[in-house]
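One chain, chain A, links the two complexes that follow: it is found with chain B in the first and with chain C in the second.
Here is the complex of A and B:
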């Protein structure tokens, strides 16, 4: 009934009375429960259809929400043992807006613990598997949100993106993932990870659906100090603008950095698509970017995010909310709660963050990382004076799950192809990943990143390029492969 | 990076890890400190101001001094595991 249908199709069926919202909810709930054993996308699946009416395009449409968005009266765990019983008493702005629009929550999705990670393997309720091949990772941290859309259970879902946590899993799961300009969508009620890099993001199976949801969610929110002023336009009205003569660039050093046969195939597909864009009148040029700066992308991200995360999560003490362990003094309670509540990976990140923030290390580590961030953003802003967007492969294909190899451990390889999406977070740029082809029967995505505040242009260009590529509305398994 | 130093950082953050976890972390620090050198060696880095946010924030100013969203006491206590007389209960702070 709901499986694999997009928002336009479901809207039409709802408006014509072919189905009602509760039919869609029940269908999505059944499909979610059925998929748990093989994919494990959900922390919680709702058992009651809470339809609030609404007259928006999303009214009656089911969706899934990452389990780090506050939902009053609904378990919200951050996929961490320290919050395994936490039931918020207020709504995040994102959830509130979707409720007001009449969208129907069908479940809260698994993430890498506290959104720190890129694999989907570290949530406290178990690993999320890639719907295309359950022996492979889904990517993260918004793992369950990506998987639920890829499975076709819901037409859209919500995630959060601090380094690439929406745009990378979108690529690995063969769907579309978008994060708008920093501050465009309120983060009030989103568990903070690294506040200067955190964005709300959206998954769907086509760019138009992403745009519908962005139009509902965007807008100033006085509860978020980083919220941008309102824009008096609906992005969906500008989707179809002609993009001939639009100028895009790709970074030579990233495209040339690949070494494996699989990644060479990714680049081949990327270049074939670039040729298609050019034949449609889009100008695409190769630009050289300081490789030494590119090799610093991951270290900059790691240093800034660990430092901010250490500070942001100091409120998890066991007293006011979250799990609580016993102890003979307040300090002992806190110590025992945090020792038991955080996984090893989280503790390692916090210790690293603490080291970075020590007075004697701040200049060399934290401030230098922030200086390098500015260097990259200033270079990008200069390029965006000449170009309308940066176009690159979103990464390689989903790796196999390897139980013998610990995930999310800091590695020594500088994998430019797999780490460049953090540029979008450094500069707060609107950035969207959409499918561009298949390698070894797995999907690969292409990413478009545009100047700050140019969300409408980003969605417009992506909408047109998606049509040139000819892959959209695809569920895992390859139905509708164009 | 020695283990005692890392253990102190962990304890200052109010948690501990086991031996094998510290060993893993020491390995990570070897990598991290090499990566820090990469950043340090970027030509001209000292000429740049540290960047705190992606761009200057238009709305990040002091808001008007009026009440906005707040939690009722009853709601604020709902998630605490130990509550007594409208307060969060903890072990004694002063003996």
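Here is the complex of A and C:
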């Protein structure tokens, strides 16, 4: 009933009375439950249809929400044992807006523990598998949100993106993933990972659906001081604007740096698409970027995010909420709770973050990372004076869950192709990933990153390029139902 | 000979409506965990919302203490784990404190001292934690209340100057209305850093820190105790440890809490959820304009108007009283007379009856009226005392009372002359005595004139006319 349908299709069926919201809810709930064994996208699946009406474009449309958005009365775990029984008492702004718009929550989705990680393998309820090939990772951290959309269970879902946590899994699962400008969507109620990099992001199977949801979620929120002022426009209204003469660039060093056969295939598809864009009148130029600086992207991201994460998660002590362990002193209670509540991977990140923030290391590590971040942003801002957007392959294809070989974490495939999306977080730029083709029967995505606050332009260009590429409304397995 | 070197950290809770980063009420409550919200308790996903009023008040205090103020608002995280700190970090101002290089001038025993203030910053208060045998209780009402921390340079050498500084500081805080500054409610808490050094030493000694002192009297006791404790250690050839100590009030001693206070690394870094906000000049000027004349300035002014220094000090202690006095001055009342009335009779009455100056019936206008009645000779100063008491007790204006009690003084020379002549006629022998040269008997005649007039005759006029009439006889 709901499987694989996009928002326009569901809207029409709802408006014509072919289905009602509860039919869709039941259908999605059933599909979610069924998918759990093979994909495991959900921490919680709702058991009751709460249709709140609303008259928006999303009224009656089911969606999935990453389990790091606070939902009053609904378990919210951050996919961590330390919050495995935590039921919030307040709503995140994102959830509140969707509720008011009449969208219907189907379930809370699995993430990498506390949104740290890019694999979908570290949630406390188990690994999330790629719907295209369950021996492969879904990517993360918004793993379950990406998978649920890729499965066709819901037309859209909500994630969060600190380094590439929406745009990467979108690419690996063959769907569209968008994070608008920093501050465009309120972060109130989103469990913080690294506040200066955290964004709310959206998954869907086409750019238009992404735009519908962005229009509902965007806007100033008095509960989030970093939220941007309201704009008096709907992005969906400018989606179809002509993009001839728009100027895009790609970074030579990233495209040339690949070494594996699969990644070479990815670059080939990317270049073919660039040619198609050019033939449609879009200007695409190659730009050279300091390779040393590009190789710093991942280290900068890691340093800043670990540092902020250590501090942001210091509230998880078991004193006021969450699971509390016993102890003979307040200190011991806290110590035991955190020792038991976090996985090894999280502890490693906290220790790294703590080390980075130490008085004797702060200047060399944390402050230098912030300086390098600013250098990259300044360079990007200069380029954005000349260009409307940066276009790049979103990364390689989804790796196997248990790889025979460890990724070479210092090789340029990893440092450049697989981790450049953090540029979007450094500068708070609107950035969208959408499908561009297939390699080894797995989807690969292309990413468009635009200047700050140019969300409308970013969606407009992506919408047009999506139709040039000709891949949309695709569910896992490649069935083009739309 | 050793001398003490003392620096202070004073924590002052601001009297805003709501807390520093949430909309929870900022009121003193005896019911635990009543004024709390998800933000104060740091539930996952909350974000801080800075309180503009707290920012204004902290800046106001910085300005009143002659500090340099920054041109931006910026908060930093001070990271440490403790159950009284829900977020696991405290939002404070490390890089851009609201005040730097300020000073407060105090006057102690007629000697002026400029106490330099190193830094003043705005932060959030922590929860209240009480430890019992086997368990601890947490009250988060206090968590998130806006707190200003004032850090002085180590400029004090004895407990008396410290107390004078603290009293002056409290008085300023109340003058500019940024805090109730009540020690009983924990709104003013002091940390004392104290070390001892030889007069000839060039470097400071090793210091002990005594934290969270709730009353000025304890501050005094602690300083005296520490001076003695450290002196004994040093004189016996020992070394003072750098440590944090705690005051045990029952035993009147300090005990060690933890050593090496500087060893904690708070891993400060800029709070990413609060964008840097520029403080424009108009905003700062507006705040500056709200600062009234401060106690010491007023004290000097009163002295220059002829008020004695003790009374001047008394008058400025509370702003409401000083404001009353200022009104009297602006209505043209005589400074010395007004000071006299206020410090003796008015404050006495307020004390005995446990009333504030707002609650007493007397207004500045009435006091000026009374002072002028005496000056113009309408009533005697003796009568004035009675009138003053009646105003306070019967709650009527001076003129009403004078009228009711028929106290209007007789100053008409013709009327008084009649009485004088009558008195002289009736007392021939005393007149003889006067004429024989014992002129100090004039007082007897004045008394008789007053008696004959029912106390209404103006003594000055009576005395003058008596002299005139006696000469005629």
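The working rule: the second predicted complex is superposed on the first by the 468 of 482 C-alpha atoms of A that agree within 3 Å, B and C clash if a C-alpha of one lies under 4 Å from a C-alpha of the other, contacts with A are read in each partner's own complex, and residues count from 1 in each chain.
FYI, a residue touches a chain if its C-beta (ideal position, glycine included) is under 8 Å from a C-beta of that chain, and two chains touch if they have at least 3 such contacts.
If you're wondering where the values come from, they're calculated on a predicted model, not measured in any experiment.
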With the two complexes superposed on chain A, say which partner A:319 touches: chain B (first), chain C (second), both, or neither.
-> both
In the superposed arrangement, does A:90 touch chain B (first), chain C (second), both or neither?
-> both
For A:354, is the partner it touches chain B (first), chain C (second), both, or none of the two (neither)?
-> both
Counting only touches as set out at the top, which of chain B and chain C does A:229 meet: first, second, both, neither?
-> first
Touching A:241, do we find chain B (first), chain C (second), both, or neither?
-> neither
Is A:34 touching the first partner chain B, the second partner chain C, both, or neither of them?
-> neither
Would you sort A:330 into first (chain B), second (chain C), both or neither based on which partner it touches?
-> both
For A:302, is the partner it touches chain B (first), chain C (second), both, or none of the two (neither)?
-> first
Is A:344 touching the first partner chain B, the second partner chain C, both, or neither of them?
-> first
In the three-chain superposition, say which chain, chain B or chain C, touches more residues of chain A.
-> B
Chain A residues touched by both chain B and chain C?
-> 86, 88-90, 196, 222-223, 225-226, 310, 314, 317, 319-321, 330-331, 334, 354, 358, 366
What residues of chain A sit close enough to touch chain B in their complex?
-> 86-90, 182-183, 196, 220, 222-223, 225-229, 292-293, 295-296, 298-300, 302-303, 310, 314, 317-324, 327-335, 338-339, 342, 344, 347-348, 350-352, 354-355, 358, 364-375, 377-378, 406, 409-412, 425-429, 452
For chain B, which residues are in contact with chain A within the complex?
-> 6, 9-17, 21, 24-25, 28-29, 31-32, 34-36, 38-46, 48-55, 57-60, 63, 68-69, 71, 75-76, 78-82, 88, 90-93
Which residues of chain A touch chain C in the complex?
-> 68-70, 76, 78, 83, 86, 88-90, 92, 187-192, 194-196, 222-226, 307-308, 310-311, 313-317, 319-321, 330-331, 334, 354, 357-359, 362, 366
Which of the residues in chain C come into contact with chain A in the complex?
-> 38, 41-50, 77, 79, 81-83, 86-89, 136, 138, 265, 267, 269, 272-275
